[in-house]
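Each of the next two complexes has chain A plus one more chain, namely chain B in the first and chain C in the second.
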Partner chain A sequence: MREKLIYLLSAAAAVLLVRNLYVIFLALPDEAQQGPIYRILFVHLPSAITCFIGFFAAGVCSALYLGTKNLRYDAVAAASTEVGLAFATVVLVTGSIWARIIWGIWWTWDARLTSMLVCWLLYAAYLMLRNAVTEPTQRARFSAVLSIFAFTDVIIVWKSIEWWRTQHPGPVLSIRTGGGRMDPDMESAIYWNLVALLLFAVVLVLVRIRQEEMRREIDGMRQAAHAF
Partner chain B sequence: MLEARNLMYMFYGFLAAWVILVGYVVTLAARERKLKDELAQVRNLLKERESAR
Partner chain C sequence: MDFARHVGVIFGKDLHAELRSKEAINASLSFALVILLLFSFAFDPTADETRDIAGGLLWIVFAFAGTLILNRSFVRELPNDCLDGLIAAPISSAALFLGKALANFVLVLAVELISLPIFGIFYNVRWTQQWWSLLLVMVLATWALTVIGTIFSALTVNLRIRELMLPILVYPIMIPALLGAMEVTGPLIAGKPLEGDLLMGLRLLVGFDIIFTALSVWLVETILVG
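What follows is the complex of A and B.
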């Protein structure tokens, strides 16, 4: 059942991604002030929302693990964090490339960029912590606490462009601004790419959960083999 | 000149995004293969121990 779902979602994501690439590169015109480089936004912003959703799911599952001690929640939290971190890397790299053209610099220590870098470091630390602790329940408990703590930074990243005056542009999506900041066709392309990347992320999380289950099965059998 | 640079960096941006995501998928696939091998090895070990008892 899960295999079928993975193939189905992969196919849907692939079709949508191809459709979106056509729209982004061939249907939409260049932005008047930025030129073609603005198209990076169609990857940058959906990747950011995807990674935040991944980190949110990880936070929720971590809290559920602490409440129930069910290791399935720990597996989902670990999978969502790892996939979220891959998308967070895309956010930092694509943002930096865009900044090189628009601002003339690769990086600046403004609130949005700095809090996003801290976010990346916190979740990278989460994965390092999981590798460092071998005992499964201890690993799950420590990483759940770190995941919940790390999510507070996601809120800071999200709100930073409202709380502080940053070099990073302000909100552009009409759900945050009430509309008028972006052409509706461009905004629609962002949402479509968000759907495609979310489907892709779900596929990766499902594969990663399967791997966590295999790891647990191996650990269980190893213990049984030592008991002989 | 500036237009060409702008276009080139847009290409770099998309390329970087896909290199990161495809790289992650390759890592996942390699890990899956390794786990399957490990699972098969442990199953064999368990069978051997059970038959030796």
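What follows is the complex of A and C.
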């Protein structure tokens, strides 16, 4: 059942991604001020939203794990953190490429860039912690605690760095600005790519959850084998 | 009332143990000195720039040296299964955590108060002009460091690679507190009064302290007992 769901979702994501690539590269014109490089936004922004949804889901599942002690939530939390981290890497890399062209520099210590980097470091530490703990329930407990700390911290980092000067472009989507900052065709391309990337992320998370469950099963078997 | 007494007992025990051996505090102090020395190679130590980056320098020293003390906090309980004894003792995990955090707080603050004048002498900085405001910032930021350090010391104590994991976990989480402390300490050392923009950094520190103290007290039971 889940196998079929994974295939179905990945087929949908693939079709949608091809369609989006067509729209982004062939249908939409260059942007007036930035030229062709603005197209990176269609990957950058949806990846950022996807990674935050992933980290948020991980935080919620970690809290649920601590409440219920059901290892299933731990698997979901680990899977969505890993996928979130992959998308966070995409955000940092695409952002740097864009910055090199438009600002002339790869990196600046701007509020959003810094908080994204802190976020990346925190969740990379989460994955390292998972590797460092061998006992499954202990691993689940510790990583759930860290996930809650990390999520709280990301919010504080975000708020605190916002106080200092920022040079990152402001919001462009109508839901944040009330409209008028962006051409509707371009905006719809962002949403479509967001849908595609989210589907893709869900596929990755589902695959990763299955791996996590198998790993637990193998661990259990190994322990049982050692018990004899 | 019992809770406060339990916190006090743990606090006294930890402080006693440390002051008898002076292991962590000596290591931390000499480490602070070493970093202060290293900074003198990194930039021209007599320049006016020192005053501009004083806030950042000091908090890097404090954070690095403090972690040595925080690292020891729970590791010290491992020989003879003391940690199991403490967990089995009829006190709540929250009391255990707060007692240890308070003891660490006193130790880290002591290291900071000793390294601050040394910094002033080495780098020719007059840091006493806004002394009381500076002390307030140090208390708030040190509490932030100790809360995070103590809770993650508890989390990593049973790991095989705890010395590797602790800095990786602790420093990114501390960033907002360190950022706030650095933003405020620099101007205070330069002699500016604590007002206007500086209050924002102070608010950040207070918020960080409250949120993470609450979160740690809430989660420490999960970490230690399960």
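In this text, the second predicted complex is superposed on the first by the 215 of 228 C-alpha atoms of A that agree within 3 Å, B and C clash if a C-alpha of one lies under 4 Å from a C-alpha of the other, contacts with A are read in each partner's own complex, and residues count from 1 in each chain.
Keep in mind that, in the parts below, contacts are C-beta pairs under 8 Å (C-beta built on N, C-alpha and C of every residue); 3 or more make two chains touch, one makes a residue touch a chain.
Model, not experiment: these values are computed from the prediction.
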Which partner does A:146 contact after superposing on A: first (chain B), second (chain C), both, neither?
second
Between chain B (first) and chain C (second), which, if any, makes contact with A:20: first, second, both or neither?
neither
Who wins on chain A residues touched, chain B or chain C?
B
Touched partner set for A:221, first chain B, second chain C, both or neither
first
Just to be sure I read the superposition right, which of the two partners does A:62 touch: chain B = first, chain C = second, or both, or neither?
neither
Contact-wise, after the overlay, does A:80 reach chain B, chain C, both or neither (first, second, both, neither)?
neither
A:211 in the overlay: touching chain B, chain C, both, or neither? Say first, second, both or neither.
first
Name the residues of chain A shared by its contacts with chain B and its contacts with chain C.
none
Sort out for me which residues of chain A touch chain C in the complex.
66, 118, 121-122, 125, 128-129, 132-133, 137-138, 141-142, 144-146, 148-150, 152-153, 156-157, 160-161, 163-164
Would you mind writing out the residues of chain B in touch with chain A in their complex?
3, 5-7, 9-10, 12-14, 16-17, 20-21, 24-25, 28, 31-32, 35-36, 38-39, 42-43, 45-46, 49-50, 53
Chain A residues touching chain B in their complex are 34-37, 39-40, 43-44, 47, 83, 86-87, 89-90, 93-94, 97-98, 100-101, 200, 204, 207-208, 210-211, 214-215, 217-218, 221-222, 224-225, 228
Per the contact definition, I'd like the list of chain C residues that touch chain A in the complex.
151, 155, 158-161, 164-165, 168-169, 172-173, 175-176, 179-180, 183, 200, 204, 207-208, 211-212, 215, 219, 222-223, 226
